[in-house]
Amino acid sequence: MKCRLFAAALCALPVLPVATTAFAQNCELKIGAMGPMSGGAAQWGLAMNSAAELAAAEANQEGGVKMGGKTCKVTVVPYDSKYTADGAAAGSNALAAQDIHLIIGPVGSPEATGIKPVAARNEQVAWNAAYAKNALEPKFPLMFHIAPGPAAWADAVIKRAKQVFPMKSVALIAPNDQGGTDIASVDAEAYKANGITTTEEYYQRGTTNFAPIVTRILAARPDVVDTASSPPGDAGVIVKQLRLAGFTGAIGRLGGPGTDEIIRVSGGLDVLKDFYWFETIPTGDPKVQAIDDEYKKLLGKDPVGGTAVWADLPAARMTLKAVSIAGTDDAKAVAAALRTLPVEDPNIGKGYWGGKKQFGIAQELQFPFGIGIIKDGKNLGVERQEPKPE
Amino acid sequence: MAEFLQAAIIGISLGAQYALLALGFTLIFGILGVVNFSHGGFYMLGGYVAYSCVAGLGLPYPLAVIVAVLATAALGWVFELFLLERLVDDHLATLMLTLGLYLVISTGLLTIFGPLSMEFAFPVTGALHLGSIYVPRENLIVLVVCLAAIAALWLVLFRTDLGRGLRALANDRAVAMAQGLRPKLLFPLAFAIATGLAGLTGALVTPILSLSPGVGDPVLATSFLTVILGGLGSLEGAALAAFVVGIVEAFTSVYFGGSIGALVLFVLVLLLLAFRPTGLMGRTVRGA
Amino acid sequence: MRKQIRLLGWTELVALLLLATGFVVPMYTRSVLVYSVLNQIFVGVIAAESVWIMLRMNLLSFATPAFMAIGGYTVAIAGQHDITDAFAMTAAAFILPALVAIPLGALVLRLRGTYFVLVTFVLSQIMQLLLFETPGLTGGSNGIAGVPPVTLLGTEMGSNRLVLQFACGLAILATLITGLLTRWFRQHFAAIEENEILAESLGLVVWRYKAMGFVVAAGIAGLAGYSLVNMLLTAHPSSFDSSTAVDFIAYTIIGGRLSILGPVLGTGALVYATNLFGTHGQYAQGLYGVLILVVVLAARGGIVGTIAAVWRRVS
Amino acid sequence: MTELRVESLAKRFGGLRVFQDISFNLPEGGLLGVIGPNGAGKTTLINVISGRQSASGGRVILDGRDITNRPAHAVSRLGLARSFQQTNTFKNVSVSENIARAIRFGGRGAPVGLDRMLDAFGLTPRLGEISDKLPYGLQKMLGLVMAFATSPKILLLDEPAAGLERTERQNVDTFVHNARQAGASVLIVEHDMDLIRRLCPRILVLDAGVLLADGPPAVVLARPDVIAAYLGETEETA
């Protein structure tokens, strides 16, 4: 008798909450987060994961995402695609097997190359953040793109940098793989278009000591050295060794996020001295920085992956929004809903759908970005730059 | 000319670092017959231990380096004694064990410290400028410590009973054991010395370069290249080859660029092997 | 006194039978995960068999990704010129790496033991750099995307199911070649593995068998590269990174080197584990590492060795 | 006419001289003993003649054909087989598999008298056993039988009796008799003086890398320089 009473109480316990959040109990929306989560590029993949987690937590806080008549709890399934084409292809399949049609990620160019045909076959929406010349292709309409390549912003950054640091010649340095060459070559074109002569220098990924390459670069006596898309750790060492070698010109970075890390590795602002860089989002904006606080509040820990989390977040948020508009997580319906959504994020601001010119398909998020300047060892902060619609 | 001298200086300082790594690698191979795939893991671990001591406990850097050496040596000792020892004669199994350890170490570091590079700077900075040539002070210090460590290792191996025992085990295990040397004591010790050297290199070099969970990967490739060139199991060869690798890397990178430079180095190694299959100072190679 | 040499033993037949289930599976399930894992297994089995052939002679090769790259890029480049015939491509993917292996073998087969290990590792790193430095031919760091699917007797192997069945066919072909080679020269390989000096002094022309093994292993690796490119429809340098060699070696050793069942079972187990762990994000590598530690410590002789030991105890 | 002729053979390792100016010939059907103190270069001599190690000078001529520095397998295929000082068999396989491999690798088919030899050493009932599990003495004999199983014209035996019990040493005599009956000439390096005296009509004495004496045992072993170099040492019979 006692037992039965106890059992009845147990049953009754969840009754009240069930009445208000019954939807959350019987419906789950799973989304994937993909990218390299181990090895040298781990931070990019972990940033994707953090962004997806935050968007999911926000949605869940409001009860969940509406799908048809139900409101569903969002969970994130991470996948370590190891910065390889096969890893991303396998990841697409592994996520598809869990009935996941929406993927935040992957990151690297090899991953983007690998996932495109497979995700198309699996009917999945995927958001890659690769700086690849073919990050989007019209024949893969379910692929979206997070971080616009240098074609979208290099010119603006160079024009601004020229005002602060007069320059006639620049040496670009980047890894010799797709992630390096695809971006450095576009940067070089943009420099040339601004009347600056360029030399490009590629190193083998995995190089840890850049002293010889620094010596080689300086032999050409460039006014400016641009570390392009070198990983932040590498770029930090390059900066440190350039300064040790006596290079006094400005150092640029027309690549990806990671300036904080470069400052840390190089040894501080005094070492960096004159530096300008492209930020995927206006990181100086307090509203943007508030993302980290919100993450901590909702998930009880710090986000992993640095400012890349901020850049990836809008994609995750907009995807969930598109799900609620489409009323389903079917990839084609979500993609269609996404295309109709205005590009907008509560923390970052307004943007545009771009990519038509470069890729022939307008599925690239072009948000306000930032131009950072450090002059004479003083961080002047990141200037907000509004994107121009194509 | 300035460029030439600069390349030579860079090459020598690279060589000293490679020598510390390669000596440990070849020591483990020579004595235990184990190809240590976790060598890069101990390098990283050395860096992170030193970092934690400086940033977390506020220890002075030199003390932190010593702690890093002791910690990596201790882990090496434990790993050899409790895991590797059981399968020490099965070279495939030991290869897999060290590989598994490497994966565990790098995942552990990634989980604890996160993926970003640490703020870990060498306490001495700046460079000596001689005309158009420069020598970073920190590199000089590292070079001196590396050379001192190499000298100390040499003293231990060639001037003490312990070293004679280790070398006897490396030459012929059966004979050495018949003479009463105890591998159960000496194997973990050799492994600990080698991992301690890797940890020392990590603690010294990562503040000059960078410290993140990916920095151990290239260590293995460099160690491979160096011991191939030097002749497996030959300590003198490993030390000599490390400087050759460092200098060749410096010159090819300065004159041909980073990507081609690596290719030149690899092809050079292949050519050397075509004419001298046992490496620079190698003797007959023990079948692993 | 001389034992009769059979073309194939029961282990080879079991291995072939296991692989052949790949033909049947697509008729019962449409699960993409099953397709994906099976496809990766079929690629991995071929690569692991390439490693296994060399292990028969006590040579641990890290060169597998280099030869895979030759096979894979051969097919990708041919595909760009609209050559997609399955038979021609299979032959090319086998023969080209095998031809390249002849001069390389002359260079590296003089080395034994760990020296051989390290040098083959260098070979696969050189291949990686060569891919980067030849953008005109191989697409450089971008690789070659959009490789057309192969055509078998006029049918385009475009769908998931046909791709899988074709990969299965390639794995069976590779297993047949590997099985025939290692059965036919079983005595020779075993003698070289156990005691090369004795074998040579008895008159065995050791280098001839090593060269033969190396060349066939290279051809088999080429088939693995072909199958991989066919699965991804892309030839990308990251697919042939020297670190992937470690995976193939792990497949073989974890499976057990005693018989050809080793690479087959080992690949199956580890590929499954990789996919399982992949959804653990940053912990994937560490879990994989722990798995390797546990299997090596607990199951001596790998999966096959352990099954054999249990079998002996039972019977 | 199967004859092994060694002319001014020399071997150096770097600066270290192992032996030099060694000349002798082993006629068809001949039996030659080689003795010398430890480190005299006896094993290296066998290694150089059989192609295991390269010569630094001089020539090895088999049947009028120069075989100096030919690879070991080629020398074996020309009919020169050797045994090893330590037991040297394929340890993980059966006795019969070991012998089958020797026959197959030798490429000349099984020699006459092989079965008789197996019977004589008591190996016939143990054909199915793993060779590593055999007692030491039998493993050693198996190594000899394997060299014989390649049907050689010349056999070089490296201390066949070393490590054998006194009672087992008779097996070496049996082996040598049978091998010669099958038409092989034999060179035998040995420390066991009784065995050498029993078997060999002619012996060579090697000391510190040079050929000290060549002749019948009775004559050679009486020479003062030989006694000083070799017999002055304690005779090793272990």
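Order of writing sets the chain letters: A, B, C and D. Residues in each chain are counted from 1.
Keep this in mind: a residue touches a chain if its C-beta (ideal position, glycine included) is under 8 Å from a C-beta of that chain, and two chains touch if they have at least 3 such contacts.
Note that the coordinates shown come from a computational prediction; the quantities given were computed from them, not determined experimentally.
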item: Interchain contact steps from chain A to chain D (minimum; 1 if touching); value: 2
item: Intercentroid distance (Cα basis), chain C paired with chain A, Å; value: 36
item: Chain centre separation (chain B, chain C; CA means) in Å; value: 31
item: Between chain D and chain C, distance of the C-alpha-averaged centres to the nearest whole Å; value: 44
item: Sequence positions of chain A contacting 2 or more other chains; value: 38-39, 42, 46, 176, 204
item: Contacts with two or more other chains, residues of chain B listed in rising order; value: 106-107, 110, 217, 221, 259, 262
item: Multi-partner residues of chain D (each touching 2 or more other chains); value: none
item: Contact pairs between chains, per stated definition; value: A-B, A-C, B-C, C-D
item: Interfacial residue positions of chain B with respect to chain C in the complex; value: 29, 33, 35, 37, 83, 86-87, 90-93, 95-97, 99-104, 106-108, 110-111, 217, 221, 224-225, 227-228, 232, 259-260, 262-263, 266-267, 269-270, 273-274, 277-279, 282, 285-288
item: Chain B contact footprint on chain C (complex, rising order); value: 55, 58, 60, 107-108, 110-115, 117-119, 121-123, 125-126, 129-130, 132-133, 196, 242-243, 246, 249-250, 253-254, 257, 282-283, 285-293, 296-297, 300
item: In the complex with chain C, residue positions of chain A that touch it; value: 33, 37-39, 42, 45-46, 49, 77-81, 83-87, 89-91, 93-98, 109-110, 113-114, 116-118, 121-122, 132-134, 176-182, 204
item: Chain D partner contacts - residues on chain C that touch it in the complex; value: 1-3, 187-188, 190-191, 194-195, 197-206
item: Of all residues in chain D, those that touch chain C in their complex; value: 50, 52, 71-74, 76-77, 81-82, 84, 88-93, 96-97, 99-107, 110, 146-147, 150
